[in-house]
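In what comes next, chain A is part of two complexes: it sits with chain B in the first one and with chain C in the second one.
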Partner chain A sequence: MDKEFDVVANYKTLLVESPEISMPVAAIESLVELIKHSKATTMSEFMLSIKDASQRLKSSVRNSISLSAGCDLFLRFVTRNSHDVADFETWKATLISRGQSFVEKADACRYKIAELGVPFIRDGSTVLIHAHSRVVSLLLQKAAADHKRFKVFVTESSQTQGGIRSAKVLRAAGIPTTIILDAAVGYVIDKVDMVLVGAEGVVENGGLINQIGSYQMAIVAKAANKPFYAVAESYKFVRLFPLNQYDLPTYNADTLSFQELNTDHDAKSLEDGTPSSASQTALHLKTAEDQTSQGSNPLVDYTPPNYITLLFTDLGVLTPSGVSDELIKLYL
Partner chain B sequence: MSLNKNELVDDLVAKLKRRQLVGSSAVSQATLKLLVVVISKNNWSTANQLLTLVKSVGQKLIQANPTELAVGNIIRRVLHVIREEYREAENDKTNTEFHHHAAPLTTSSSMYNLLGESGAAQEEQVQFSHSLRSNIIQEIRDIKIELENIHENIKNQAPLHIHSNEIIMTIGRSKTVEEFLKMAASKRKFQVLVAETAPSYHGQEMALELSKAGIETTVIPDSAVFAVMSRVNKVILGTHAVLANGGLVAISGSHMMAAAAKHHSIPVVVCTGLYKLSPLYPYDEDSFNVTMNPDSVLGFEEGDLIEKVTVTNPYYDYVSPDFVNLFITNQGGHPPSYLYRLIVENYDPDDQTFDL
Partner chain C sequence: MDPKKKTVGFVPEHDINTSDLPSPGSSNNNSTINSPVSALSNTPDLSSANTPLLASNPGSSASTPPASSTQPRSINKSGARSSYEPMKSSYEEQWGLADRASGSQKAHKMASPRDGSGFPKDQQQQQAGKQKEGKGKRVSISSPVISATSKDAKSSGLGIQGSGPASAEASGSSSPAQAGPGGKGPQKPSAPSQKSMTKAERRELQEKQKAEKAARLQAGLPASGKKAAQVLAQPNSGFSPNPTKSLASSFPGVEAEKAIAAAAESTSQIKKREKLTKEIGLFAHLDPPKFANTASAHKDLHPAVVNVGLQMAQFKICGANARCVATMSAFRKAIQDYQTPPNTTLSRHMQTYLNPHISYLVTCRPMAVSMGNAIRYLKYEIGNNLELPDEDARALYLEKIDNFIRDRITMADQVITSLGLNKIQDGDVILTYARSSVVQGLLLAAHAKGIKFRVIVVDSRPRFEGKQLLRALASAGVSCTYVLLTAIGHVMREVNKVILGAHSLLSNGALYSRAGTAVVAMSAHERKIPVIVLCETYKFSDRVQLDSFVQNEIGNPDELVNDQNNNFGHSSSRRYDSVTSSASSAAAGGVLSGWKESRDLKLLNLLYDLTPSEFVTVVITEVGLIPCTSVPVILREYLPMIQQ
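What follows is the complex of A and B.
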């Protein structure tokens, strides 16, 4: 049916072509592309193909949280509108145009968030941020453009080196930025006025799924009585209700597993160039033995809502409990 | 614009500036009264014109005294009413024309809007019918009635929260709390401890009023709040304003009392009318504070000393939402985490600032 169109490939090229695009937006864009190529003639065939495509998208990447937020939002929109279809072709055309206008609006979301968040950054304050988040960078850039004087500490985030990227962007905007070790969060927290993190996904209870390290930052911030703000576009709200770290869809048996002490087999497989555990980490481990003794490290963690002071979203500044309200509005 | 209306606006602006008119209740009632005149006496034909008109008046009033947050709240309530009435009229129109409604559920702020149509731009240009004008005035009258009945609605909940032989602590003088306690006293017997609230000594006035109503009242110095707290069952506070995150702008001393209560795990209850609920956030903890005349702290008789020290006399405290357990409003009891919901219901997100 859509042999000639590969959603996953389309999604991946989108991400490569425009680095500014975020995962859920790219997901919706490729689903729209799928509709354009769809030759389905009946409603159920069409719905099936979309559901199948979003499933394939989700399983194509290791960390599917923000991607599935985009897929689910679009699917919800399609099903909600599927009841009063008069003409199948015109309906498809509407879906395509709505999808495309969403992609345009997605950018505007970030600007709106930046506008809402800027007043929270006070003159002379110091902000601690984590890794790289486009929307956090934009907020800080906007604050700098509004002539706020503030300094930024950014964690290196050794897994992706996102902190280094952030520092580059922020320094270019004229903001004094210092990169700190991930392990130095506790050390700097007393010098910090607020913590600002982005999000991969915002879950139903108002908690946060983000790059590994956010949770410990939140705990440190709470202990030091500093506000911890999350910044997220509303299309990153996902219908998950994780109860702890190991309740996330990204968790599997490999995550932080303990290797057998007898490492002969592992060492051999490393020489072949195929590490036994899918260790996507950038841990600077010297020897092969060190590397294989390392289980697969998690990419994201979950920050429970009681650690989050406020969420800056394009729907306004919300308390964590406001998130579930928005999700209910959409899925009721 | 008629001259008459401008005079009235200037009059209120002057009163706010000179602090002849202070206190959330008085200020909000005056604002509402002014808005009724503004809306009924002026010529406007589209919703946009009306919104601009109300906003321009709002801007002037807020600039006159930015710490009276209730002014902004009332303006936003009225703006919200105008938008709602307008939307309702629009919906009626489209329904009679048999238009297909894709998603009637959508509100102005929803994730769904990301994928929905963007029809908001051409909104608010359509002519207002006469019924709409009277509808809006009627809605504003309803707000006025709500303001008048606020104490009634809050105090009726008192027997639910105050039990026999309890010891209640409070600070400052709040009409809302006073009525609340008096109402409870008509059903139950309990004790009230009032911190004297130096340097304004509003607490002493409060104690006098309560004891006149036959409540067993004790005045304690502010410094004794922590010491006595372990014997208290409940702290009941009044407030000047409630911010969007559930934080309070309340008389200075409130933060200390709330912190002492938290230390002893004593529940803190805040009695407030909904008109005090502001959609603003405490960007800066001092941004909503005022410093008063230091004379009451250190008078000019102490000339020798005054030369050598700086005296400040802040009037308000910011109390963070972690310290509050319950808000009792004219709509019932709410935890601080629920306030965002009340804000969504009462104000429009576009009205955070009055930029024209």
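What follows is the complex of A and C.
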């Protein structure tokens, strides 16, 4: 290879090419690809290049949580195996083959989770889901294939329109699906038997980082005493411990900051003394800001573990505190 | 508040020491070794560091004989101050550090009670004279008396006293009654123990005591003999030119001299008995509060360990980390100085050699979880290397101790600090309770890093440990607020993080820490404020506890009584003291001062409490941030790895 292998470009093309692949898996796949192209001759140079690449990957996207879960997992795997290296080239080959087998197995993860989760969906029940999650959709499809009769409410999830995508998939599987407004969660909760959400990342304490809106769903579910289940592959477990919503790596000062008022404008309209024009200006401002405020809205939120009933993972059905158990085993 | 003007911590400084020590820093090191690091650097020469302190007192009293009579009085005015004395005297006694001239002085101090009922001047002299007469006997007399503080107080106490106190069940005041002015003194040498008395004799004794009580009542003294003795021995009465005379006149037909002598001799004895009878039912299973003593330390103990034990008994070494470091360093010295006896090897004999040291430390203060874990580790290492030659084994043990302190405490704290720094942001208002060395380290590090945050130090009676933290933070320039636990509801509104230290984390995720922690954590939890606990993994315990009752430590109940002495050691608040205490100063020590005589009043000074796991958001350990429910996982997965 003449020029440096571009890990970020590789990652992005992977995501575009196969929509079914999830971000951590794509990250691992591109890191494996990087190893294939690596010309490093020493161990430390090699480690450095991997670390650097994962750093670049993480900073290339706005919401890096599930991506960093994949990167960290792979890095952990590399460092763990770096102690008993006899021959550098064979070790590299092992890493590549192990990485590839991991990517292949990642798909199987979802099927396992679906199998574990299906018994929780009972005949005649109503399920509330949030936005779009591949693993949740798969679980529901599997349940439908097992001749379970159930209905689904799905939130529209206005930012990504994920709910509409989910509804399409589920209706195709013959599941009666209703799209509801994100704001209607409280309205439907009494009709619902359980809440199912996917995850961007599962943090150390068993809490959940997921598409914005999951947290309020969990709160409503808790208030209504409905079970709230999270569905996540184990490669989405991250070594993070957020204390609250604002303790996430995706948080920055711009998130939901108050827009500065255009004082010139306001002063002018006040001088005019015409309230109608002032309100019109305000309205106008708002629509102008709509374009920019998209960027200042948070993409994900954090659901603390005490709102989560159980987590369906490929390691089994875990309580939130069981996640920490698995993470400690993995990272020590 | 000017931190430089304050004396240090919860151990009020002895007047002499305060004046001797120029800077707060140095006094800090001398009086309380609380930070593990400073303990680490100090402990290797603890004994030498303390020698000036130890020597200063007897030295000054020996060189200025007149001062010797006034000095104890000043000590006795404040209960906690007198707690300095037994240690020095007994330490010197044990290791012959002091000259003979000051011996009598010390002996007197040993006999003097901890909690501040003083002795009139002439009585001291009388006692001193007595002690001089039987210098050879001094050790044999005084040390058993001291030993009565330990568990065998009942038996040995009775034996020494010679007069069986009219059994406790007789009446509320009966047990101290024998201390009354009924001429117990002369009776003492020949008096048979109560068990060996016949029924008639016992009866006679009771009658006699009743008569004495009546006499006391007549004389306007409290019914209880002990209280009477206290009244007689009031420090204030020592100021009157001739207290003996005035007292004698108020005792028709009784010789006051004898009464005082008897009182002096039996006060400490009675106190110990009362410790037993003043037990609180729900906590009767816990060890009664322990006091510094060397009597349970037999001659084979290494001085460093004895020293550490005494310092722990007096809370001069306080805090799980500091205690553990001090213990391990003392053991290190003990192992260093150890001479293998004939017909055995070092590694095989080491355990037998250390065991009395360990049990001695337990007699000083109940073992901390941290110490228990460290000692278990040491024993494990000893047991694992039995076949090594002596010098190799010694080197190995010393290295293991060093490594333990380095890896599990010093380095662990550094990792915890760096992990904790990620959780402190600009604009934070952090609340902490009492004092933990790790929390202090983290807050100072955060400040040094340039993070702008504010700290609210919550503190409580009786130890006021938070002041030490406050002093450290304030002198570093951290913006601080200091409130007492009672104001927690008020300050919690502005707080956005609570950071706490830990004595131990139990297997069910419960946090075992300084009493008051649970309240703080609960009120934070109630407002959804994250509660961060900093805890090294070596403090994790495989124990499970559901409440604070099953296992706890009872502190000296007298700490609760006299807030004047325990309260503020600095000038700024003396002002308030003088205002608030003027009402109660008549009672000298407040309304609780007579609690021992009040039959229905019992005081409970619990040192720890248990915070349920749901009140704790995160535990920061050296292995990362974990939920506190993961304690058993760490114990299972991680500890075997580092044990290897």
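Operating definition for what follows: the second predicted complex is superposed on the first by the 298 of 332 C-alpha atoms of A that agree within 3 Å, B and C clash if a C-alpha of one lies under 4 Å from a C-alpha of the other, contacts with A are read in each partner's own complex, and residues count from 1 in each chain.
One rule holds in what follows: contacts are C-beta pairs under 8 Å (C-beta built on N, C-alpha and C of every residue); 3 or more make two chains touch, one makes a residue touch a chain.
Given the structure is predicted, the values throughout are model-derived calculations rather than measurements.
Mind checking chain B and chain C on superposed chain A, clash or fit?
After superposition on chain A, chain B vs chain C: fit, no clash.
Between chain B and chain C, which one contacts more residues of chain A in the superposed model?
Between chain B and chain C, B touches the greater number of residues in chain A.
Which partner chains sit in contact with A:G174 here, chain B, chain C, both or neither? Use first/second/both/neither.
So A:G174 meets neither chain B nor chain C here.
Taking the superposition as given, does A:R239 touch the first partner, chain B, the second, chain C, both, or neither?
Touch partner of A:R239: chain C, not chain B.
If we overlay the two complexes on their shared chain A, which of chain B and chain C does A:D325 touch? Say first, second, both or neither.
It touches chain B and chain C both.
After the superposition on A, what does A:D247 contact: first (chain B), second (chain C), both or neither?
The answer is second: A:D247 touches chain C but not chain B.
Once the shared chain is lined up, is A:N205 touching chain B (first), chain C (second), both, or neither of them?
Only chain C; A:N205 stays clear of chain B.
Figure out whether A:G186 sits in contact with chain B (first) or chain C (second), or with both, or with neither.
neither
Please state the minimum Cα-Cα separation between chain B and chain C in the superposed model, rounded to the nearest whole Å.
The answer is 7 Å, the least C-alpha separation in the overlay.
Overlap of the chain B and chain C footprints on chain A, residue-wise?
321, 325, 329, 332
Going by the contact rule set out above, which residues of chain B touch chain A in the complex?
100, 102-103, 105, 107, 109-112, 114-118, 244-246, 281, 283-284, 337-341, 344, 349
Of all residues in chain C, which touch chain A in the complex?
Going through chain C, the ones touching chain A are 423, 497, 530, 532, 614, 617-618, 623-627, 629-630, 633-634, 637-638, 641.
Under the touch definition given earlier, write down the residues of chain A that touch chain B in their complex.
My answer: residues 73-74, 77, 80-81, 84, 98-99, 101-102, 105-106, 109, 119-120, 122, 234-235, 237, 309-310, 315-322, 325-327, 329-330, 332.
Which stretch or stretches of chain A touch chain C in the complex?
204-206, 239, 241, 243-244, 247, 305-306, 321, 324-325, 328-329, 331-332
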